[in-house]
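In order of appearance the chains are A, B, C and D, and numbering begins at 1 in each one.
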Amino acid sequence: MSEVSAFIGIGRMGGPMARNLARNANTLGRRVRVYDKSASAITACKDAGADVADSLSEVVDGADVIFSMVPAGPDVRSLYMDEGGIFDTAPKGALLIDCSTIDVATAQEVAKAARERGFRMLDAPVSGGVAGAEAATITFMVGGEASDLEEVRPQLEKMGAKIVHCGPSGMGEAAKICNNMITGISAVAVAESYAIGQRLGLDPKILYDVVSTSSGQTNIGTRNPPIAGIVETASANRDFEPGFTIALMLKDLRLSQAAAKQVDQASPVGAAAAEIFALAANSGLAHLDTAGVFKLIAGNQPPPK
Amino acid sequence: MSEVSAFIGIGRMGGPMARNLARNANTLGRRVRVYDKSASAITACKDAGADVADSLSEVVDGADVIFSMVPAGPDVRSLYMDEGGIFDTAPKGALLIDCSTIDVATAQEVAKAARERGFRMLDAPVSGGVAGAEAATITFMVGGEASDLEEVRPQLEKMGAKIVHCGPSGMGEAAKICNNMITGISAVAVAESYAIGQRLGLDPKILYDVVSTSSGQTNIGTRNPPIAGIVETASANRDFEPGFTIALMLKDLRLSQAAAKQVDQASPVGAAAAEIFALAANSGLAHLDTAGVFKLIAGNQPPPK
Amino acid sequence: MSEVSAFIGIGRMGGPMARNLARNANTLGRRVRVYDKSASAITACKDAGADVADSLSEVVDGADVIFSMVPAGPDVRSLYMDEGGIFDTAPKGALLIDCSTIDVATAQEVAKAARERGFRMLDAPVSGGVAGAEAATITFMVGGEASDLEEVRPQLEKMGAKIVHCGPSGMGEAAKICNNMITGISAVAVAESYAIGQRLGLDPKILYDVVSTSSGQTNIGTRNPPIAGIVETASANRDFEPGFTIALMLKDLRLSQAAAKQVDQASPVGAAAAEIFALAANSGLAHLDTAGVFKLIAGNQPPPK
Amino acid sequence: MSEVSAFIGIGRMGGPMARNLARNANTLGRRVRVYDKSASAITACKDAGADVADSLSEVVDGADVIFSMVPAGPDVRSLYMDEGGIFDTAPKGALLIDCSTIDVATAQEVAKAARERGFRMLDAPVSGGVAGAEAATITFMVGGEASDLEEVRPQLEKMGAKIVHCGPSGMGEAAKICNNMITGISAVAVAESYAIGQRLGLDPKILYDVVSTSSGQTNIGTRNPPIAGIVETASANRDFEPGFTIALMLKDLRLSQAAAKQVDQASPVGAAAAEIFALAANSGLAHLDTAGVFKLIAGNQPPPK
C-alpha cells in the first residue's frame, strides 16, 4: 500500500469526505493523509485512519492523488499557485482534484496552470450537504479529462453516490452553479408564493398540495416549503435551522452571476434572486436556512385591513 | 332530464370542457346549453350534444348550474354584474361556477355580489391546458362553499381528473396564481441557466441530467427545457410552438402581482420574472411557448472571444 | 358673488389647497364650500372663510366648479359614480377637477362617464407636498380640454405656482406618475450608491460633491441624500421624518406599474424599485421619508472584515 | 527640462489626455513620453510634442511620474505587476497615476503592491467623455495620498477642469462607480418613463417639461432623453450615436455590482439596471448610446388596441 491520497481542507464538508476515504484505505489500497490550517478536524480524521501532516509540503509529499476542499476561488488560487503551494511542492504528474465550489474562470485558470506545470487536474464540486458527505451520498460534478476521472473514480465512489462527467475543465463548476442558480431562484419564488397566499388567507397546506403536484412543482418547494407543519423535511419546522444557509446560497448565486458576466450573458432573474439573498444577509438572516428568506419576504407587518 | 347546465364561453378551453359535459348528459341526467358571443365554436358543441342559445338570457333560462369561462376579470365582472347580465337574468338560487383565471379581488367581489343577489358561486379556475381540457384531465382549483362544490362535483369530474377545494371564495384563483407564479419564475430561471451554460460551453444534455435530478429540479425544467433534442415534451423541439404562450404566462404573472398588491405583499422576483415576459412580449415573442423566453435571454449576439 | 366652488376632501393636501382658495374668495369673486367625511379639517377651512357643507349633495348644490382630492382610484370612482354621488347630484355642466393622484385608467374612465353625464372634467394631480400646498407653490399637471383649464386657471393659480396642460383626459395623471416613477427609482439608486460607498469607506460628503455635479446628479439625490449632515434639506438629518413617505412613494410606483400594464409596456427597473419600497413597507418602514429606504438597503449588519 | 512624465495607453481617452499634457510641456517644465501596444495613436501624440517609446521599459525609463489608461482591472494588474511590468522597470519612488476605470478591489490591491515595491500610487479615473478629454474639461476623481495629488495637480489641471480628492487608495474608483451607477439606473428609469408615456399617448415634450423641472429630474434625463426632437444634446436625435455606449455603461454597472459584492452590500436596483443593459447588449444594441436602452424597453410591438 505504497500509494497516498492527500486531502487538504478537512472542515464541514472536506472532513467527512476525507474520513470516508480513510475508512476505505484497505479496500482502495492507498493511505490517506490529511492537512488543514485549522487543527480542529484532525482528531476525527486520525480516528478514521488517516495520517496527519503538519504542512502543505508534507501532506503532498509522495502523493499521486491530491484532493482539496477550500472556501472560495482566491483560496484555490493561493493553495495551488502561491510560492510554496501545491504546484511548487507536489510530485509532478500527480492528479489534482479540487472539490471546492468556486467560480468557473478560476477553476479553468488553475487547471490550465496545472497542465503547464506538469499536473493533471479535475474540478469536482459536490452537492448533497454535510449529511450527504457523512453518508457518502453526495454527487460529484466533474470537469476535466475523462481518463483522469476514471483513474480516481474508485475513490470518489467511496465518498459519494453519483459521479457525473460534465466536460472539460470548469464544466463541473459550471454544472453545479447552473443548477444551484435555479435552486436559489426557486427558493425565493416559493417564499413569495407562500407569502402572497398567506396574506390572501390561503391555507398553506392546500397551497402545498396544489404546487407540489402541478406546474409550479420544484425540488426545493416540495422538500423545504417555508411554512412549518407541512412536511417533515422543511427547515421551517425548526426555525429555519440550516441545511444550506442563506450565506451559502448567496455565495452560489454570486458564482452564477460571475459566470454570466464571464461570458457576457444577461441573467436578470438570477440577479434579482441574488440581491434578495444579499438583502436577507444584510438584514441579519445569513445564518438561517435558505427557506428562511421567507422572513425577509413576508416581513413583520400585518396585512392591510 | 329536466335539469340544465349552462356554459358560457366555449373558446379554446371552455369549448372542450363544455363538450365533455355534453357528451355525458345522459349519465349526469342534465342537458348542457352553450352560449358564446363568437359563433365559431358552436358547431363542435352541437355535435357533442349541447343545446345552443342565442343570447345570455336564453342560455341561463331555467338553468340551475351555470359555468363561465372568459378571458379576464373585467369580462367576468361585466358578464355577471352588468345590466342584463347573469345576476339579472339567471334563476335565483342557481349555482354559478366561474372557471376563468382572473384576479382574486374580482373573484371575491363578484362572489360577494352573487350572494347578495341570492346566488351561490364558486371560483374554479383550471390548469392542464387545451389538451387536458380535451382529455378531461385538467385540475379544478375551487373556492367557495364545500357543499356547493359537492353538488357540482359529478359534473366537474366529467371535465377534469382532479378537484381541489382550496377554501372560501377567491381561494381557487389564489391557489392557481400562486402556483403559476412559481412556474413562470422557474421558466426564466431555467432559461437563464441554460443560456449561461451554453456560453460556458456546457453540454445542455449534461446540464439537463444534473438539474433534473438535483436541487434545481423543477416541473417546467424537466418537462420543457429550452433546448431542442433533450426531451420529447420540450417545445424547443418545435420552435417553441405553444403549449402555454408567453402572453398567457405574462397574464398569470400579472395576476399574481395584482394579488400581491391587493394584500400589500412584496414579490420582487415575481415582479422581475413578469417584466422579463413583458419585455419578451414587447419584443415580439408573445405567441411563443413559455420556454421561448430563452430567445430573449440568450439574445442573438455571439459570446465574447 | 353668486358663484360657488365646491371642494371635497380637505385632508393633508386638500385642506391647505381649499384654504388658499377660500382666502382668495373676494379676489376670485366666488365662495368656497367644503365637505369631508372626516370632520377634523373643517375648523381650519371655516377660519379661512370657507362655507361648510354637511353632505355631498349639499356641497355641490349650485356649484359650477367642483374640486376633489381623495386617496385612490376606487375613492374617485365611488365619489363620482356611485348612486347619490357627484354625477347624480351636481348641477349639469359643472366643471369637475379631480386633484387626486390615481391610476390613468380610472381617471380616463371617470372623465368619459362625466362627459356622458353632461359634465366637463379635468384630472389635475399636484406635486410639491404639504408644505407646497400651504405655500401655494405646488404644480398642477392637468389633463382634459384646454378651454376648461383656462376657465379654472385663476383658481388654480391661487393654490399653486405652476400649471401644465399635459393633454387630454388622463394625461395629467400620466405626467405625474411618469415623473414620480423616475423619482422613486432615483431614490433607491441613491440609497444603493451611498450604501456601497459607506461600506467601501468613501466619505459621503465627497460622494455627494461628486454625484451632485456629475452624470449621476438627480433632484432627489441633491435635495434628499440618505446620510445626515450633508445638506439641510435631507430627511436623514431628522431620522427620515417625512416629507413624502415610503408608503406614498410605493403608491405612486404602483400607479406607474399599473399604467405600464394598462398599455402592455415592460417596466423592469420601475418594478424592481416598487418591490424594494414594498419590502421596506413590509419591514415596518412605511412611515419614513422616501430616503429612508436606505435603512432597508444598508441593513443592520457590519461589513465583512 | 530633465523631468519626464510617461503616459501608457493613448487610445480614445488616453490619447487626447496625453496630447494635452504634451502641448503644455514647456509650461510644466517636463517632457511627455508615450507608449501604446497599438501603434495607431502614436502620430497624433508625436505631433503634439510627445516623445515616443517602443517598449514599456523605455517609456518609464527615468520617468518620475507615470500615467496609465487601460481598459480593465486585469489590464492594470498585468501592466503593473507582471514580470517586466511597471513595478519591475520604473524608477523607485516614481509617482504612478492610473486613470483607468476599474474595480475598487484591484485598484486597492495594485496600490498596496506599489507601496510595498517602493512606489507611490494614485487611482485617478476620469469622467467627461472623449470630447471632454480633448477639451481638457474632464473631472479627475483621485484616491491616494493628498500630498501625492498636490505634486501632480499641475499636470492634471492641463488635462482636466476639476480634480476631486476622494480619500485613500481606491476611493477615486469608488466615487466614480458610485456616481455612474446612479447614471445607469437613471438612464433606464428615464427610458421606461418615456416608453410608458408614449404608449399612454403623452406628448414626450410635455413629459420632458414636467420631468426636467420636478422631482424626477436627473442629469441624464435632462441632457439625453430617449426621444428625438426635444433637446439638441440628446443622442436620440442621431439614432443613438454615442456618446457613452451601452457597452461602457454595462461595464460601469458591473464595476458597481462588483464593489457591492466586495463589501457584501445588496444593490437590487443597480443589479436590475445592469441586467437590462446586459439584455440590450445580448440583443445587439451594445454599440448604441446609453439612451438607446430605450429601444430594448419600448420594443417593436404596437400597444394594445
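One rule holds in what follows: a contact is a pair of C-beta atoms (placed from the backbone, for glycine too) under 8 Å apart; a residue touches a chain by one contact, two chains touch by 3 or more.
Owing to the predicted nature of the structure, the values given are computational and were not obtained by experimental measurement.
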Open item on the list: Let me check something: if the centre of a chain is the mean of its CA atoms, which chain is farthest from chain A?
Closed with: C
TODO: Between chain B and chain C, two touching copies, which fits better, same or different residues at the interface, with half of the numbers shared as the threshold?
DONE: same
Open item on the list: With centres defined as the mean C-alpha position, give me the chain A-chain C separation in Å.
Closed with: 50
Task: Centroid distance [mean C-alpha coordinates] between chain D and chain A, Å - done: 38
- [ ] Please work out the Cα centroid separation of chain C and chain D, and write it as a whole number of Å.
- [x] 38
TODO: At least two other chains touched by the same residue of chain B: list those residues.
DONE: 260, 264-268, 272, 276, 279, 281-282, 297-299, 301
TODO: Write out the stretch or stretches of chain A touching chain D in their complex.
DONE: 254, 257, 260-261, 264-268, 271-272, 274-276, 278-279, 281-282
Open item on the list: Looking at the complex, which residues from chain B come into contact with chain A?
Closed with: 104, 127, 139, 141, 162, 164-168, 170-171, 174-176, 178-183, 185-186, 188-190, 192-197, 199-203, 206-207, 209-211, 213-221, 256, 259-260, 262-270, 272-273, 276, 297-299, 301, 303-304
TODO: Report the residues of chain B in contact with chain D in the complex, numbered from low to high.
DONE: 268, 272, 279, 281-284, 286, 296-301
